[in-house]
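The following pair of complexes shares a single chain, chain A, combined with chain B in the former and chain C in the latter.
And then the complex of A and B:
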């Protein structure tokens, strides 16, 4: 790439010296070089996959011969688009599921905003006791698999419409809860919101923390009313955080699978991601990718509209030289009650599911909650035909150790490269702030977020079985898992990178430049040390997310590269749910240990990893 | 504006890159069909140098060079030289089989990977398309895609160990050797009923069963869809069953070519309740202590849960025309496998009594007709009387249409 630029540069030099020199100077400034480098990387990791998806939707493949009359393999065709968007099945396969997906995403986002925002306010801006515990517990739902809350909902509110034994509510009251409580959009929204409220909680609490009360006091001194202070000072300062929370929650729920699967499928409440999977299972990739592209477009449009309404994202320097004081609202008589409520709420959605999960792995026969039925057979038991069809305990399965090691390795590699790219991206975007190139890079870095994981995997499998440009065929290698995971997590890392970089004032680097330090020295001696917390935090967030990621790599995992998350899948397929739960617990424990160790370094935290 | 010029130049630079990469990308879709070359290679005259694939087939007496006779001493000796064998399986029990193998053949390392049916399929397809020859043995179902996609592309080759050929009926060796059979059956809640409340598959389309039949979601499970398609495939038998129940010929709709598809339509219209997985189906209709009676399509091999008291269901054995659909797992040698002799040895081992032991439990059948089923289990001959064999090619050809058709009619009046 460098040589290409140079040669193009030279021809320009001979023809238009002044312009070319300006261009050369522009192109060699550090942030531009880095921007170009990132663009090049993202070209491979994001643009080519998108392009391949698009091509698949407009050409006939061999699999299409089954249902497309007179299809010619390789021929360009609007067939898949017409089929998905304007045929008799498009209503039921595209539009209804799209509506469902949007309903769930909007609902879950609003609800998580309410829960997360309220909790953040209580933790940061009140004198509520036990804030540390609340802080820790708030991140637990995010670590757990997303379907645990959906399962718990079913246990509580099953009304028998879709079989099974009555839920606890029906057992206690004797009357079945109505269908809209037991199944469909409402419970999916609630269970997703309970899972993802962590984002809003972390974003808003960080934003509230960074608001110096002196700003509000200044408003007060100037004679502004409380409402005016709230709307003109406090709210605008929180808006970027709300925006980030919105983006994260909305796009996560848009592609989510667990909740809709458990609570939606029995009442045929299908979402777009269910339909994408439906098409990939029968090798109708053209159709599947049309739906995936529709999903991407709608996610991006919604986010774009939202951005327009809220106003362009602004940044505020949060690190100042002066002292910092936040006034706390006194809760007075409400203190005890509110604290209890918050803790009960967190126990219900974080601790209880965890306990149930552990308990289920201790039950010899599922569904029998008596003490006599408890044992460690699913953990360390030898093969015993009377328990779980003779499946030995998970700790006796050598593949588990290998899978655990693979999981750790994958998460560490991915986290390292993602965090590194994050710092680079952050530097390129922040230093070039305001230029179109910077904006372009920032927007491009966001795209992987809205590509559904499963679609990402499906494209990568076809993309990397043959060599692409200078990259050899990676299929079946561990490197491919790392590449796809890094690509998928670029949005996270760019967020944390940008915000870490924003905290470093321009004057520091300028001072170093005046003193004669070159770009590399400035980066290694000033920028990186100052942003290493951001690096560690981005590392941590990616570590956790990669650890439990399944849909992204499920298609790319091969025997030698099997990870823990894919092993839970295997146990479930074989009907050994308790062992699957045991593997999930191992996973949670590994994440917690990782969380503990990593956050020892340079004070990184999950919060900062989210870009705050 | 200058910035604009810079951006423009930059875009030009990028399009150079696109130019470099684009040919690769546009060519790539043809990766899907590399095997179309293969038949051409078969044709050339004998004096032309053989292709790698042809040479491999000849060396290992597979494909057209397969005589059905094998010199097992030679194979075992060669397998020991090869030193290892890589198996892609769809069952976690393969790990147990590997332990037995390790005692018997300590010189040959068995790497048995429990991947699950879908992943065995995508892995073998991906490897073969990329020309990477890694795996040796296909030990998995694969369903419609295997018959419609993998075998036509010659990604897996048929092989039948000679000592097995006398024990296995020839129909169980086509297109590949079948290793074991699973059975999906219609079942009822045995706590609430003394006998199966239905006696004919057409009763499932009647109003009293509307929304009362559980099934693993055909929308997300190609295997369930294939089983429904197998019922639709037997149009004549379905027609006869209709006549037996109603006393008159079925009246076809415009969109139903025969009685089979008419059943599929009426079944879908009767709003069967989809569940995300087989376990959810079982707990939905057969949890002890339920008050409402449902029916479900479940797996016969889940019956041990009934014997253990975890579930309460019984199969509807007397249903006309059949109670369910039988499907199978296959054994085959993956194209251009690096350890072909060890692969053959593994196939002989895994079909032998000691090799198959981990699977020899209630509800499972082997192609070997000498296998004696556990007490209380129907024999293979008995269960084949009351089930149909999965129509894989038909299913593969019609998967997309059937999925659309099912979805369009699902729960419609």
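And then the complex of A and C:
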């Protein structure tokens, strides 16, 4: 790549040997400067924290004196690894949670594949009416917090065995539902799948839209049956999209915290994510980090195997939806029934949870769901010892306002820096295309993608408890939440940055360079204006996803930096479920407002934010 | 105002491929030089190296007396400091700016006053006959109009050298003809040294004062259009230039000073050429008759292709096929017997082994 920028004939430079000057010229080209800056940043934000985490697992800490009397603080030791992987407690601490995590991930992935895939097929490839409504409704569960459905499940099915408010079902029938319905893997899988099926729906409908129906018609002419065509022609063609949906759902559910915490922990059904949390709450960081590393390794292996099968790039990219004139399967007599069912299902999972949550927040005496027992005490009531252990209504609680403000602040900062990094990364990668530096930056930017949310948060505990280089200790600060949120978004921002930058032909910048513009002028007057749509939609999307993010920050929040998402967990853990539900409602309202702004904004959509 | 461009031993490699291979070139002030060659021969790369958008691996480039690139001295001036203007193949107008903003972009960087800018915009829009378009956005104009604005944008800051990379290739045939006229006029008026890239030989022949024919990163011949057309330095150039294509006939030099082409021979003064040669003759340099004529060789009209102003006749004799171009609509019928006669003044002989021009007979 040419140096659009170069040092001219200053005397200092002209005295240097040619080789040094050539190096200087290379190092000062804008894309190299930005690439090196990004490398430095990612090194600090990702690589060093990972390294520190690893070191913590093989070092004795003060906390270990509880278990190992002869521990010397600071000494290297395999102690944590042995304890977690081959001791009497490793079954309970590691292997069972791992098994549970895998069960939930596999289950949720398969279920969301079934729901999302089937719905995508019906919307794209059949003559089903109302596809616009279905398309919109399909994204609703995803923009709500991931544990919304888990909370609603509890309102419906709680059987009171572990305390808490008995559910509606028990109120109506008088008999408690069995434990396997109220708690554990089944409800966790269902509630996660209903949240994450959006991925499959979006990926698969994009893929189906891009398939040329003449391929299928060729099969039909050759005399193949519908089922055969579906399995032999259509299915293989959407495999890359399915794989993308698969790794995304799998790695998200592996690291998810909300659902397992609400529906698993009360019956001691631990997953890796909840086990990591319970270790960090007792400051057993060495143990927690071993689990985090196990989690990361499993997630990475899945993604790696996946990419081997599908080919490195395809699994991450999707087929661009070009929309061929596809021949639609006629649903005939089934049309009305299926359409009704799909829409009812969608409305149910989008709206019913909200109704249930609101209902529970209106209930005054716990467990009595009748109209007569309704009131606004949990919302605006003064502190009353007979209701909810004397907590004031959420709208009177200054802590809630503080949390809401923290949520908004965190989302704004994260969205801003993420969008900015997106433009910078996009520029550095696209301008340097074909160079090793550019490839390296792109690969490094991918790393946070393979680290599940809760593990990514864990990585940051070990970093920043002490000052690292010029960076002061950040643990417990609000800034740390911003750093971790931005870092976790890097893969998405680099993807959308690259695709935004690819829209801007390189000639547009070169024309400005020839006209005498320097790097700053080219960036501010040409590049940035031309990518600003991408910047704004990236900003808004990050805003809503950060607002409802929990797994990532749950290990890092403190009472003063608490955001709404973490506050709901705090309330649940203290047994104030109705308060928790009220906070979720507030959170959802904020997210919906954000989403409304996005839909007003030209060019912004959930699809774009996922880099599709 | 006009400027010399000097290029010394310039090489630009992409991986192992030398897109520009040890090119040396001096372009005199006021020259309209065309870089001509097949796709992928390195024309664009050479132009981009001159513009400063690509860093060559070796060599030196001077614009006037100013050394703008030197690999040995580690010098490479940024594109904006080389006093060049560049027109891109796809125009590269900034879509978010009006015509006015597009044109004044460079002027603003030079901190020109608003009055001066207004005047300059008026001037250049008049030069490209686009008065009244200052407030349009690029997408609100046709391809030809965008092309003119791209030209105006380059003219606005009065660069010393004009660089153009296939500026007309996205236009339809008619518009291309009009724009050629305009560009040639523009060069005539401004007298600016111009480097123009094209793979269209007609464009090269009609517009240039000089043509550099390139192949695989190497300049094969640098000459006036007339010389390049009539005395191609090697078979590659002879074959590349001319439409319909030149006739290349394998032959051998006879002792009696003629060239044997198999069943007949053509009398030429061979000036010492010997052995196997390739004889090149342009289709329009062959005389045709429907009756036997002095020195004519009998062929049969395999196909006759009239195209208005002229007609192409494909003639055959045994294995040999020769293309002939005559003026007007030909009355020759297919399969009719015809007699062809070569004019020894217009023949070129090439060494069969090396492909280089041995003797110029015209």
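Convention: the second predicted complex is superposed on the first by the 355 of 612 C-alpha atoms of A that agree within 3 Å, B and C clash if a C-alpha of one lies under 4 Å from a C-alpha of the other, contacts with A are read in each partner's own complex, and residues count from 1 in each chain.
Keep in mind that, in the parts below, a contact is a pair of C-beta atoms (placed from the backbone, for glycine too) under 8 Å apart; a residue touches a chain by one contact, two chains touch by 3 or more.
No experiment lies behind these values; they were computed from the predicted model shown.
Residue contacts after overlaying the shared chain place A:514 against chain C, while chain B stays out of touching range. In the superposition on chain A, A:22 contacts both chain B and chain C.
In the superposed model, A:77 makes contact with neither chain B nor chain C.
By the touch criterion defined above, A:93 lies against chain B but remains apart from chain C after alignment on the C-alpha atoms of chain A.
One of chain B and chain C touches more residues of chain A, and that partner is B. In the superposition on chain A, A:529 makes contact with chain C only, not with chain B. When the two complexes are laid over each other on chain A, chain A has residues 1, 4-5, 8, 19, 22 in contact with both chain B and chain C. Only residues 2-7, 9-10, 12-14, 16-18, 20-21, 24-26, 28-33, 86, 88, 91-92, 95-96, 111, 113-116, 118-119, 122-123, 126-127, 129-130, 132, 134, 145, 148-149, 211, 214, 217, 219-222, 225, 271, 273-280, 283-285, 287, 289-292, 294, 302, 304, 308-310, 358, 361, 396-401, 403-404, 407-408, 410-411 of chain B touch chain A when the two sit together in their complex.
Residue ranges of chain A in contact with chain B, taken from their complex: 1, 4-5, 8, 19, 22-23, 26-27, 36, 39-40, 43-44, 48, 51-52, 55-56, 59, 61-63, 66-67, 73-74, 88-89, 92-93, 160-165, 261-262, 265-266, 268, 270, 274, 277-278, 281-284, 365-367, 383, 385-386, 389-391, 397-399, 435-437, 440, 461-463, 465-469, 473, 475-476, 554-555, 557-559, 562, 569-577.
Those residues of chain C that touch chain A in the shared complex are 48, 51-55, 71-81, 84-86, 88, 90, 92, 94-96, 105-106, 109-110, 153, 157. The touching residues of chain A, counted against chain C in their complex, run 1-6, 8-9, 16-22, 25, 505, 507-508, 510-518, 521, 525-526, 529-530.
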